[in-house]
């Protein structure tokens, strides 16, 4: 009971409360939403420790067993300790780790920023290789995909307009009419599917998350 | 045009602009100094509807000189005769202000001033307005009605399913591929990889993904193929561990379950992508499942998965990322198909019942759309109003 | 195997190399392109250009690393212009993670133009509370920033000794990646009448346009294209201008590869038939 | 310090790019550093932006105002709920009592599902339906008329594609075929639309390498 029924009841009650507070502005019900969301943030914050536990555990195991690539595991753990160490130091010395000029922000500026930006920029390469491979006029559907992509690509750069003055206008039209129509259809489906899924969860029909 | 001509033209332009500027200033001065600055009109002040109390709403019709103004200053007083103090400022062109932080059941009066630099013109006083809280948000009654209708239809189909009615659901292409992917991975002696997206378990897409994971893990356990699940959210990780463990015991192989295969990487979006990419390159999974809610990292993952020759089955409700999955993966569950997949895979009649309910509502929506556009064509906005 | 049929299966690393080359080459060669100057960018330029030397300009860093490729070129171009006109620059920001990025740009331009900290420019740093910060700056800057980002009291910095509130500032330039610029308009433009121009990402520009039409913004720099225009106006080609041919070339290359792939596909299909 | 930082950043940038050729020790190093540093970074970040302001500051502030820890504890008693649930979450690490962690999990799933019910209707469904209700005949503008008809057909078609209760044959088959054609055009278009932003990102990185690091360009 404690392992299944009570959790299902908790899900049902919190879910119901969230629905009710949407319709009742009066205090205190209407204010529950924001309060509970900050609770959510707090609980989620705690769970990060579980993640760290898993990550460190996995790599310590690799180290113990001297599995291939254990050297990199050392780097990973050192990186983790570096971030935590600089963070705690900055918290104490500067009052907040995010204070400008703190060593933690140095780490952010010269490690996190370039790593994030470079991983992100890999997309410029992958978008090219994916386009090359997938945009083949095999079927009517694939041809439409290809033609729409090419027109919009040409409509976005000055070069396209230089080739044919109407490319920007045509691209704009594709975005605002056929693209909007299909996106809308997909979103209506997603909304209904999400609604049904949420309902199944509240009613306890969908309970895989409690396996 | 010669360069000389161009400079001359520019000079003339500048001269013209200066003259115009002087005129504009004169006009503004004239309008402000001679008290001709027109105040806003038709001021109304009333309790803000459908709120938690403590707020009044003030509306007005913009001053005829709206375009010359800096904005409007809304003034409040407890008495009709004043003194008035500033409740807030809004930009020109706006005709409404909500005054919050008030005391319920107290009387307030309002005035709206049109402002230019160094001068203003006051409107007539409006009020009294008495803030109060409401127990039901009347503006959302249509949403409540729709949710009740939806729940009713779904519950009715569930009841029918429980009684044993046969419910037909068409095949979903990506789903049949699940079994094929697991089988092929096994033949090649490679593990499976399941990437559950970027969001946490408060997101229903992620929960649908986890349901799919349960079925994939069940198949994998039967074939004795390991399932790698790198996670960016610790809650998703722990939940996934439970689900996979359960699937292994359902398949009668609890001993084959390895908790270490379901691991946390990092909360950072691209750090997670970098870690997943590395894992793909080194573990060489035979099949990669990209199921859940994704952002820009979708294509980084899918292209890397393709490069190692894995069968890729994607599914997401993130419309922005669907184009990338469709181009880079072998199968993609598009939007609602993903939700459908999670109920379809279980083959439980109750689950199929909710799908049937969704379809009936879909029919009703198409009906409303059809009637609605016809009515719109004749200038009637009845259906439009229902969805306000 | 027919070489044409091989077009169907080009190793993706050739594609990667191609993309890297066509994007890097215009940057490295400093290829010059002409961009048409649009009025919103021109107006921003003229607003700064028309200020007398010694006027104080405030620059707000309301973006962070994720939109740096678009926003940073704007910042650099505007700073270069301001320093060239011998204007004084106050830098601040409303995004906690944005300031390091803005400071990088400020330090770079100041070094390159031989400007001195404290006399030519000052970096105030970040304080939380967006709207509250904006309103308080209207009465006294020291209420919010008693000292600069390094903790030096403002009164000991030559440049800001006599700068107390928006009355002492001639123009605000916001470099924006979110809705912070609307706060600037609502809380500062409407209340204090401070002139402002914004540099926004390309995605935001259409929305920001309405404030331009209503006269609440005097200028608008939109996306990399806007940055390129500004670079043209200050006659200092940078990443924005170099980016334009790189963009066109990148798009063209991808289209070229798509066409090659299709040629290969049709040829190999005909062979089979 | 700045110069050292730029060299570190440049090394990491190149190490990530090297992945495009093939997996190699440099990428492995950068990848592992990235995962480690960012995992630690977020612990500090979440402490600094979530836990401290939401959980600890209220206690400290009330204490500062009232001068009594007793008053502070009683006034903020509600905060003990998430704190306890958060700690219960951590019990996951102990297999014997791990099942208790299902309670906070259920709480969080409940919040998500409950919010999704109203948000799906208010945020997605109604606005999308409403935006589709356009007149099918606009006097004086053949182009707008054409666009409106196309919009309506496209929406109905793509909704039809997601109809699961019947085989896609006959009328429904035709409708869903129209739907999938629209969907393909949309996917192609948004793919093409995104290219520009992605190339901008690469320009940013390459510029960093050439200008900030190598000083090859200004």
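In order of appearance the chains are A, B, C and D, and numbering begins at 1 in each one.
The criterion applied here is as follows: contacts are C-beta pairs under 8 Å (C-beta built on N, C-alpha and C of every residue); 3 or more make two chains touch, one makes a residue touch a chain.
Since we're looking at a predicted model, the values are computed, not measured.
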| item | value |
| --- | --- |
| From subunit A, the most remote chain by mean C-alpha position | C |
| Maximum inter-chain contact count - chain pair | A-D |
| Distance between the centres, which are taken as Cα means, of subunit D and subunit C, whole angstrom | 25 |
| Between subunit B and subunit A, distance of the C-alpha-averaged centres to the nearest whole Å | 13 |
| Length of the line joining the C-alpha centres of subunit B and subunit C, rounded to whole Å | 28 |
| Multi-chain contact sites of subunit A, meaning residues that touch two or more partners | 19, 22, 40, 44, 47-52, 55, 69, 98, 108-109, 112-113, 115-117, 119-120, 122-125, 127, 129, 131, 133, 135, 145-146, 149-150, 153, 156-157, 183, 186-190, 192, 194-195, 197-199, 201, 209-210 |
| Residues of subunit B whose C-beta touches two or more other chains | 140, 143, 147, 200-202, 204, 207, 235, 238-239, 264-268, 270-271, 274, 282, 322, 324, 326-327, 334-336, 340, 355, 358, 362, 365 |
| Residues of subunit D touching at least two other chains | 16, 19-20, 28, 30-32, 34-39, 41-42, 46, 89, 92, 105, 108-109, 111-113, 115-118, 121, 125, 129, 132, 152, 155-156, 159, 162, 183, 186-188, 190-191, 194-196, 199, 201-202, 204-205 |
| Touch list for subunit A against partner subunit B, complex | 19, 22-27, 30-31, 40, 44, 47-52, 54-55, 57-58, 61, 69, 112, 115-116, 119-120, 122-123, 126-127, 129-131, 133-135, 145, 183, 186-190, 192-201, 205-206, 208-211 |
| Subunit D - residues contacting subunit B, complex | 16, 19, 23, 27-28, 30-32, 34-39, 41-42, 46, 89, 92, 101, 105, 108-109, 111-113, 115-118, 121-122, 125-127, 129-130, 132-137, 148, 152, 155-156, 159-160, 162-168, 183, 186-188, 190-191, 194 |
| Residue numbers on subunit D that touch subunit C, as the complex places them | 2, 20-21, 195-197, 199-207, 210-212, 216-218 |
| Subunit C-facing residues of subunit A, complex | 98, 100-101, 105, 108-109, 112-113, 116-117, 120, 124-125, 127-129, 131-133, 135-138, 146, 149-150, 153-154, 156-160 |
| Subunit A partner contacts - residues on subunit C that touch it in the complex | 10, 12, 15-16, 18-20, 23, 33, 35, 65-66, 68-69, 96-97, 99-101, 103-104, 125-126, 149-150, 244, 247-248, 250-255, 257-258, 260-262, 265-266 |
